[in-house]
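Two complexes come next, and they have one chain in common, chain A, joined by chain B in the first and chain C in the second.
The block that comes next holds the complex of A and B.
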């Protein structure tokens, strides 16, 4: 394809091709400082291309194609090309990844140990991880955490954080302007702005961590910590994994291993500051 | 396109992979994925000294194929249990048959739906037994359902409620509207029993079925994979005494002699298969068009050469139904949007 970019996020190499220059220029800016895939060999290919040839010029719309595709995925406006690239990369991970058990979860690390946060979208896992990533934690990823079935270690996937609606202003208070991508108005998910993780999160994208705590955060409720039994943790994590079924026995072993070795609980929080203090409290109590 | 041609060369001669430069791998692997040959390629290249990222990708592909094999066999077992009370012959087709019988066409193969063949007279009982065991209709549309039942060689697809896997129940290997009429009764009568009581087609019929699948059942999309099946089946069976004579006889019996000859020539040309020159017949000018169609995949996984593809698309419908019927079918489909 005419416009292209290859980059590495955590252990995964991507090649993104586009029929238009815009999405690639935007990606290049947002992902400045990310390495390329090892030996230039990408794990996954994403194609941003017109659904029909004339839609390249006439009311251009970006269809999200690649190694793995959803047959009925709706195309996006060309102005939302950056979101199309993000969705295309997510799709390859969700449908194609086999090397790791993929958890739809955010993760941060401290002292070689990882905090994993998962929950329905809107629960705040992404924003919370991004904020912790600015406050003394290493951001491992806002969307996917990769569990190595062989070692039980958690590998980072520090893509650009996808901030939605009110989370944008919240992060702008903590983060310098040059790490933000352009504001994408009126996308199917509302207003979106991408945030490049801190340089240390990118520099250490190859370093795994040992899972130490699993949290199920829930935004918009009074502050509470609720215990969850291992069976429920297991079932919730199978629902949070896109490739649990396709990994077969390896997936089952990886996930039961994680649940058996890692404490977990649900937290409710009224606002992000309360969540940060809850996390710090729980983390401090881990060792005692 | 050059990536598809390289894919074909490496399948035929894996040792060539060591000469592939790093910059060519991403395109090659994308083409292999798009042609659903990544697992096959990964198994062919197993053990070669290649760049680390390639080795990791190929390991993933082999693990995926192993999982696909296991779930395909499990799905066959589920169908066997659902149908065993009927005491009728149930024949596994395509990928599931290849892995069940341990054929080399099954090594690394991607397997989607479960395809089985039964006698047409047994269809109502099979349908009822599958529905009782948890399979459900996928197509709700009345026209599609009627179309399948009247004009297709299989029942409308069924999907299992909890396992989310499709089953295609065939009563022959080509739509009744197609000009060649395979001898469905002979397919069943001469099938071979497997250990668990399920059956597979006899080797020659398996090849004829792969030929029918390659040419008539679609517009040659996925043709490289179908042709690979043919290459592997020929390599597995062609050393047996009298094989080529039997293959010729089965091709004639099922009215697929000409497509069979074409497939042999294409397999020889692309995969270097050893074929019987008399059965394959002399090369035809149109063979080059087929090769051109089979190699449309580029290094981004896209199908190029739209004119060639469109010509084969028209041809595939032409083979499947009479012009009047085609017009009626396309008219109804178009009005439904």
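The block that comes next holds the complex of A and C.
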């Protein structure tokens, strides 16, 4: 590929190639300060290529290719090349990861212990993790949490946070402008802007944490804390994992171990500030 | 023995975790995960002694779990065994 970038997010190395300079330049800016893969060897390759050769110049659209492919992944406009790179990285993780049980969850850490948040798209787990990452927690990741089947530890995946629509203005109040990527208008998910995590989250991307609390946040409801039985937590987490089935017995052992050892509940909240306060209350009560 | 005879894979082929009243089972031959509530785990435990028809199952459950031997229990056990059969954890014949 003509334009290339290699980088490491948590324990995973990526090599991203593009037929155009724009997406790589945007990635370089957004991922400034991220290390390269160990020994220069990437785990996954993402290729951003024209859908047809002539489409590189004429109404260019980006098709996402890589080691692992979805046949019906729709091409994106070149202006959304950064989103294409993000989707390509997600796709490689979701389809190809074998070393860790991949949970579609956000995670933050304090004192070596991890808070894991999972839920439907739009539940607010990404925004909540990003905000906690600015309020005294270490952001481990806004999209994926990696559970090590051997140790039960949670490994970070602190990629650039993908902020959508109203979350962009909310985070802009807490975060300096130079940590934001370009505004991507009219994407399939609406307006998107990426946010580089704080420097400490990047510097500590190799440090795992012990899972201490699992939350199922739900945005847009009156403040409430609802208990969830462990069997339901287990089932929800199998649904939140893209590689639970392919890991077989190791995945079963890892997930049952996580659920048996980690308290969990659902939280409803009307706005993100209420969620932060709920999280702090629950966290403070963990040991009491 | 009369009626269908049920059997289950060896318990060694299942990984079982208890979680607050429910039982999570990883079935090694199929790679599938099951969440079981009572009496499914008890039925699998009774079948660990070997194949059995419904009458034998009732006898084993009475011995293992102090089951009330009142009438009408056989259809209930047969229905639960059919569910386990559909899930691939119990086989007939």
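As a convention for this text, the second predicted complex is superposed on the first by the 288 of 288 C-alpha atoms of A that agree within 3 Å, B and C clash if a C-alpha of one lies under 4 Å from a C-alpha of the other, contacts with A are read in each partner's own complex, and residues count from 1 in each chain.
Operating definition for what follows: contacts are C-beta pairs under 8 Å (C-beta built on N, C-alpha and C of every residue); 3 or more make two chains touch, one makes a residue touch a chain.
Keep in mind the model is a prediction, meaning the values are calculated, not measured.
Once chain A is used to superpose the two complexes, chain B occupies space next to chain C without a clash.
In the superposed model, more residues of chain A are touched by B than by the other of chain B and chain C. Between the Cα centres of chain B and chain C, as seen from that of chain A, there is an angle of 60°, stated in steps of 10. By the touch criterion stated above, A:1 is placed in contact with chain B alone, chain C being left untouched. In the superposition on chain A, contact of A:259 is made with chain C only, not with chain B. When the shared chain is aligned, chain B and chain C each come close enough to touch A:248.
By the touch criterion defined above, A:231 lies against chain C but remains apart from chain B after alignment on the C-alpha atoms of chain A. Overlay on chain A (Cα): least separation between chain B and chain C is 6 Å. Within chain A, the residues touched by chain B in the first complex and by chain C in the second are 248. The touching residues of chain B, counted against chain A in their complex, run 22-23, 25-26, 29-30, 33-34, 51-54, 56-57, 59-61, 63-64, 67, 70-71, 300-302. Residues of chain A that touch chain B in their complex: 1, 6, 13, 15, 17, 37-43, 45, 47, 49, 65-67, 98-99, 246-248, 250. Those residues of chain C lying in contact with chain A across their complex are 15, 17, 19-22, 24, 26, 28, 31, 33, 35. Taken together, the chain A residues at the contact with chain C in this complex read 229-231, 234-235, 238, 244-245, 248-249, 252-253, 256, 259-260.
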